[in-house]
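In this document, chain identifiers A, B, C, D and E correspond to the written order of the chains, with residue numbering beginning at 1 in each.
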Amino acid sequence: QTGGTVKVGVLHSLSGTMAISETVLKDVALMAIEEINAKGGVLGKKLEPDVVDPASNWPLFAEKARQLISQDKVVVVFGCWTSVSRKSVLPVFEELNGLLFYPVQYEGEELSKNVFYTGAAPNQQAIPAVEYLMSKDGGGAKRWVLLGTDYVYPRTTNKILRAFLKSKGVAEADIMEEYTPFGHSDYQTIIAKIKKFSSEGKKTAVVSTINGDSNVPFYKELGNQGLKATDVPVVAFSVGEEELRGVDTKPLVGHLAAWNYFMSIKAPANDSFKAKWAAYAKAKKLPGADKPLTNDPMEATYIGVYMWKQAVEKAKSFDTDKVIAAMAGQTFTAPSGITSKMDEKNHHLHKAVFIGEIKADGQFNVVWKTPGPVKAQPWSPFIAGNDKKKDEPEGKTVIAAPAAPAAPKK
Amino acid sequence: MLTVSGLNQYYGGSHILRDLSFEVPAGKVTTLLGRNGVGKSTLLRSLMGVVPVTTGSVKMGETDITHAAPYVRVRAGIGYVPQGREIFPRLTVEENLRMGLAIKPGSTPIPPFIFDMFPVLKQMMGRRGGDLSGGQQQQLAIGRALAAGPKLLVLDEPTEGIQPSIIKDIERAIRTLASGGEMAILLVEQYYDFARSLADHYMVMERGEIVARGAGADMDKNKVRDLLAV
Amino acid sequence: MKREDPEVAHWRDAPRPWPWWPPARSPEAAAAAAVAAQPSSDASFGRSVDGELDLTKGVVLYLDGITVSFDGFRALNNLTLTVDAGELRCIIGPNGAGKTTMMDVITGKTRPDSGTAFFGQTIDLTRLAENQIAHAGIGRKFQKPTIFAHHTVFENLELSMKADKRVRKTLFAKLSSAERDRIAMTLAQIRLTDSADRQAGLLSHGQKQWLEIGMLLMQEPKLLLLDEPVAGMSDDETERTAELFLSLAGTHSLVVVEHDMKFVETIAKKVTVLHEGSVLAEGSLADVQNDPRVIEVYLGR
Amino acid sequence: MRALLLGLMLLCVLLAPPAYAVDAALAQRIAAGDNDEKVAVLAKIVAAADPKDIPFLQSLAEGTVTLDGKPVEITVNNRLRREIEGAIAALKLVDPDRTTRLAAAKELSGGAEPGMLPAVKKALATEKDPEIKPLLEAIMATLGIKSTDKAERLAAIKTLGASNSPTSRTLLAELKDDADVEIKAASQQALKAVEGRLAWAERAGLLFAGISLGSILLLAALGLAITYGLMGVINMAHGELIMIGAYTTYLVQNLFRAHFPGAFDAYLLFAVPAAFAASMLVGMALERTVVRFLYGRPLETLLATWGISLMLIQAVRTIFGAQNVQVENPSWMSGGMEILSGVVLPYSRIVIIAFAGAVLVGIGLLLAKTRLGLFVRGVTQNRAMASCVGVPTARVDMWAFGLGSGLAGLAGCALSQIGNVGPDLGQSYIVDSFLVVVVGGVGQLAGTVLAALGLGIVNKLLETWAGAVIAKIVVLVFIILFIQKRPQGMFAMKGRAVES
Amino acid sequence: MTRFFGPRGWTILAACAAVVFVVFPVLNLVVPPTSAFHLSAFWVTLIGKIMCYAIVAVAMDLIWGYAGILSLGHGLFFALGGYAFGMYLMRQIGADGQYRMNMPDFMVFLDWKEFPWQWWNTEHFWWAAILVLVVPALLAYVFGYFAFRSRVKGVYFSIITQALTFAAMLLFFRNNTGFGGNNGFTDFKRILDIPITTPETRMALFAITGAALIGTLLLGRFIVTSRYGRVLAAIRDSETRVLFCGYDTVHYKLFVWTLSAVLCAIAGALYVPQVGIINPSEMSPANSIEIAIWVAMGGRGTLVGPIIGAFLVNGGKSVFTQYFPEFWLYLLGLVFILVTLFLPAGVLGLLDRWRRKST
């Protein structure tokens, strides 16, 4: 049983538009694997990382997933960032009964037996953030600008938020929804609009689900147009330490982000995580090693690798089904200092939510956190019909030709 | 002025110019005649370096220019009027003439004698070269070649498309230029009368070879016209 | 048959996909719109003019009061000219007189600012697109030889051959042996039999001239417009060209522009001299050659 | 960094034991109490209106106060920061220094709390300065509007109606459904007046946004107008040359930060020529090694330069990492100029507009006054013949391509000031650049300028009423229709010259 | 004159057909997975996918290589075909989606109670097939008609095709457009009520794609060897002259343009069930440029060249991203540069040169 190696797949874009975010996740996964190997591997086997580059190309994600599972016979895959990439590989994982660890916060509304979601569901990020902004300490916002890039995650999150806000008595007229195309880089008019909206009465806050590259021009414009956090705070769900690397944060002090992890969190687990990462980046001469940063998806990746290891050890097998069974209830002391637990049923982590304000040095000042870990609600209660959904992935759906033609249409 | 010896030229597999040797003396007009497709233009293009010479040598005075780039040859003093005008269509007439002055300093004015010779160019200074009529373009091409004051003027069927009165002017001008004694002129022509009246020397080409040559005055006597018949 | 400014009329008549669609303006767009002006596109293409060439008055081409200006410069100035059916007309005139521009107007390449151009009695050339004019029976040889450089000489002739030129027909077209013979004949006529399979772009200047004449012959037009056909040909070949043209006259109408006076002498019956966009003189060659104005502006002393 | 700061602070504390004017009990409450408690204490401090409390507030804003000689860390969130800043400003209203007072008054006009009324009143009583006084009066009005006295409220409404700040609108908007009929009418009227003035400001801001976007498009496209417009090289690596310019700016910035921190604000002046030179050198190298073999085969250049672009992107990823790097505006470029209240024209954008204009003039002069432009056009139109009139074509190509690439570098330098600097920087501009050059008319510099400005303004106009996504789609459709009308671009060349 | 195919050409074609229709199915379905000769599902989908790309490349070459019209928006037609067929596949999921509702997940999520109009009748295969052919054809026809009629040419045409696909991409990104936004369509379960992931279905799709590719090749060959093809090439070289010969160039261009769009759409429709996802990024300008790159790589103006190009570039991409995840862009970029510099006629030109040398 001992000796030999076993392959694990790493499926993150190293080129194309998503490389900007995903490259570090590949590195952190490799770091965790190296650590595990240094301690003797898993079940006596060394892990052999199998890194491929799906190049931010969604069909290529599916192809690479198939290759990892069926050709290279990896026992688990750590990967994906965008929802569409996950949606693209999902059928492949289900068909071939593979195992995917997905480390990024996302819009929910999905459960798969073959996927473990180590990032946040909306109720572990978006809702607490909005609640905070509504509170006295958050500034007591009454008017809301929901600003995002025009694709599924922002649209879904905003839909959920809209329902949530309504449930809190916010009027339709007090919500402004605004979307920009991918790669949008000119936020002049949008910020002017926000200014106008906010001057029409009541305290206003902005919820930003702007994606990736557009954040830098957005924040630069925000700073230059003098929209201060004390007047109109902006809370973002896709902006972490890495994204702020490219921005001069002095004018942004006070704007917020909600995550399950911040690099600035003071916890022994975090100190060692940061130290390990710094050492690893330096040893591997990674770009940017002079200013090693950690962020939430990196933490989620790290948790994922370790939880998988624990589950394998519990199952005493690399077999997908056994590992899936063993994952339920796994716990791990995350770098955030919280002991995260994998839910017994819904394949999501219980995570604490932190809200941080941007500091002048590009780090976050944690101003609020949940008392303890929050259970994920992949099926948002704010979407009609979800109350009936089971909080558990269904067993592998056996797909066969239906005896009768698919249920009557309409 | 120009000495060509043992020149060979190929297009792909076909042998176009076969072992040509001749001289173009200063102060004289040398005309080259030949039927369609015998390789006259190819010869001139080889002299200009537009197509690289395969074997043989080309000398301008004492300098060997066999393998020089075209612009070096222009600097050595060759002016070229190609067949088919080859003006710069989207440059104005003035700019076309300025291109002709490329080897001179930027402030050099366009020599006025060009406008005396081709008054239409003066009228059309601001018009784009490509908009000119065929004959006007031909005049522009000649004017452009003369602008920099070359030592050797190479003309490929320069009278094509030009009205009779201006052909006469050109004829006079070429004679004046040659008789100044400085300039050598190599003229390719199919227009027999024009060629004959200008030629100090003549050469007849056939299938890439020079099959006859002599003094211009002897062209009629030597039945050159018959050599050109099919 | 007087009409208002043809271009204005043309805009008004041009079909618009939607009411707010602006009318076409540039000559190119106008020409393109003319294509659409035909009752229908592909299927009935050309039919409306086919076979309707009406030569009852014995006149093949009427140009009346044609004016063309480019940025204020009048290339054609109220030009009026008629060519009789079967006639071989020579047109001479100084460089820039407007000869090529006139041909552009006849073939639809340039739209006149004003004036009318009729092919026979009925076909209004100012309203047709280039291909329709070609189809109606006007063929043209350009001043600068234009041939299909990447096609073989044979294919050049094949493509210009008179045939049904609709998309569907060319897709399934097969060369009949009669057509093959015609191409072979023309090849012989233009002395390019040996070069039939060579790429046309590689021909020498003179050979291209001949090829273009050959293409024109294949097209079997009723009216041939020839812009400096013998430029770049040797004297001998010029003579052969002259013979060819003379043999065509009568059955065809020809309009020849040339500066080679010897050539004009051999073929000309009636000569028109253009100058500054209008007719300066017209008559027999001898008359014209002795006209002092013609000597002044064109022939020189 | 943070530790260092803390250390420094500690040092200060040790050297000079703090002597806060605030009494120890209050300070204790601030340190120990929850946020509500803190706010209450702050209100007390403001009510006392004693400027001597400022140092305490300042150290509080920093996040540490010293109590009993020991530094205590305090988490300061937005709410507290707002309160503290307001308090400091209120206390500074009576500062002897005029500029300090002015700044404080400006700060407060953004939103004053009722608790500051005594402080403002106190300041107003002594204030003589003609600039500060009206500000204070306006602040009084914003506070007065919440007063219980109707006359005071009406007066306040009147004052607010005369101002044109968005704060006034906010305040007036809240009153427009007031129970009191008189106040309702007055506030509605005042609101209308304010809104009318603000609308003008908005329009001006919109125009500026359009011009700004246009200037960016122009900068991105200018280099392409040379390499593609004049030389005919379909340079898909143009975007990457822009990127190289941006990364050069980054390197120069780092150099200054490391070696000349005092002159940091001047780094951009050096970055501009450096970016130009770097992109130019890369461009020239590309021209010599690849592009020059492909003249006259424009479609092959497409393939080869696409390959180059892939390699350059990956090279940057290897060297600098896949993440964005930070390029900081020099201080004279951060912030903005408030032309009308509410409309801020960021300095960075103003500078870029001016820069684009300057580059345009420069390139215009270069092409008009030297023969390079003439030669480039001649060479593109007829390479063989250009050589036959004596133009050293190879050298002209190299310089022209270098110039176009250098311009791309300048664009990169400018873009680094307002957007991302990352490996994908170029990709996001390449499509737009080609659009601009083509819509303007290939080879027409004036067309490029007009197209850039036109597209910029149209885009921004549409964005305000249709949203960014639809605006972009509409602009693209507009371009398609425009090309139908003008198949050769804005500045179409007509006539025979085009065909030959 | 060009012959349809030489005897050698027919032999190669027959061999390819045999591989696609006999060898691969046998290796995949009959040979047991344990055998070294077994062809795994991975390879079947990969080759199937690249064959779809190859169809696109041939379609592109018809208009670019033969008619001289460079489209930088062909990805749009490919994607439209994919979306049209994808709608049918989405309907086939039935109630097996995440929400177990008889509607695509994204619609359930958006609270739509009824299918929007675009989805009318899409539960029927035949209707989807019609959509695949008609929608791209109509779009191409209308767009082409106006563009060719206005004589939009060269780069101006290329750029507006790029603008078209870009605009379409932004439109499809929007959730409201009704095509699943950025996520597009995925998670297909059945086709013609047959489970989509069985080896047999997969092999059938593969074989159909192979047949489509061979059909495209033959059709293309027929077109370029006809007189029509020669007129097309003549238009590429000198449109004016063609007009003066009496040809109506607008319709000549329009026909091949529309045909090319339809071929792309068919490829797209075959691509979606094999790859399992269609989303708006297929319409991104970069994807369309890449199509041109396959063609240039293989050899423009030949029909086999583009197929080779599509296989080389995409195969290369698949292999490089596997073995050199960090360096593959250097390799790919270098290949592009070297091909243009040293193989001006593409890879096929190289083969030609070798053949000529050996004879």
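Keep in mind that, in the parts below, contacts are C-beta pairs under 8 Å (C-beta built on N, C-alpha and C of every residue); 3 or more make two chains touch, one makes a residue touch a chain.
To keep track of the chains, here are their UniProt names: C = Cobalt import ATP-binding protein CbiO; D = Amino acid/amide ABC transporter membrane protein 1 (HAAT family); E = Urea ABC transporter permease subunit UrtC.
Remember, it's a predicted structure, so these values are computed and weren't measured experimentally.
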item: Partner chains shared by chain C and chain D (touch criterion as defined above); value: B, E
item: Central chain of the complex, centres being mean CA coordinates; value: E
item: Pair of chains joined by the greatest number of C-beta pairs in contact; value: A-D
item: Distance between the centres, which are taken as Cα means, of chain E and chain C, whole angstrom; value: 43
item: Chain centre separation (chain A, chain C; CA means) in Å; value: 71
item: Distance from chain E to chain A - Cα centre to Cα centre, in angstrom; value: 34
item: Centroid spacing, where centroids are CA-atom means, of chain B and chain C in whole angstrom; value: 31
item: Multi-partner residues of chain E (at least 2 other chains); value: 146, 150-151, 170, 173-174, 240, 326, 329
item: Numbers and ranges of chain C residues touching at least 2 other chains; value: 28-29, 70, 144
item: Chain B, residues touching no fewer than two other chains; value: 131
item: In the complex with chain E, residue positions of chain C that touch it; value: 17, 24, 28-29, 32-33, 35-36, 41-42, 45-46, 107, 109, 129-132, 134-135, 139-140, 146-151, 154-155, 158-160, 165-167, 170-173, 215, 219
item: Chain D residues touching chain E - in the complex, by the definition given at the top; value: 234, 236, 290, 293-294, 297, 299-304, 306-311, 313-315, 318, 427, 431, 434-435, 438-439, 442, 469, 472-473, 476-477, 479-480, 483-485, 487-489, 499
item: Residues of chain B defined as touching chain C within the complex; value: 11, 35-37, 41, 83-84, 120, 127, 131-136, 138-139, 157, 160-169, 190-192, 225, 228-230
item: Chain D-facing residues of chain B, complex; value: 48-50, 69-71, 74-75, 80, 82, 86-91, 95, 98-100, 102-103, 106, 128-131, 144-145, 148
item: Of chain E, residues touching chain A in the complex; value: 40-42, 45-46, 49, 91-92, 94-96, 98-99, 102, 105-106, 108-111, 114-115, 123, 170, 173-175, 181-184, 186-190, 193-195, 197, 275-277, 279, 281, 317-318, 321-322, 325-326, 328-329
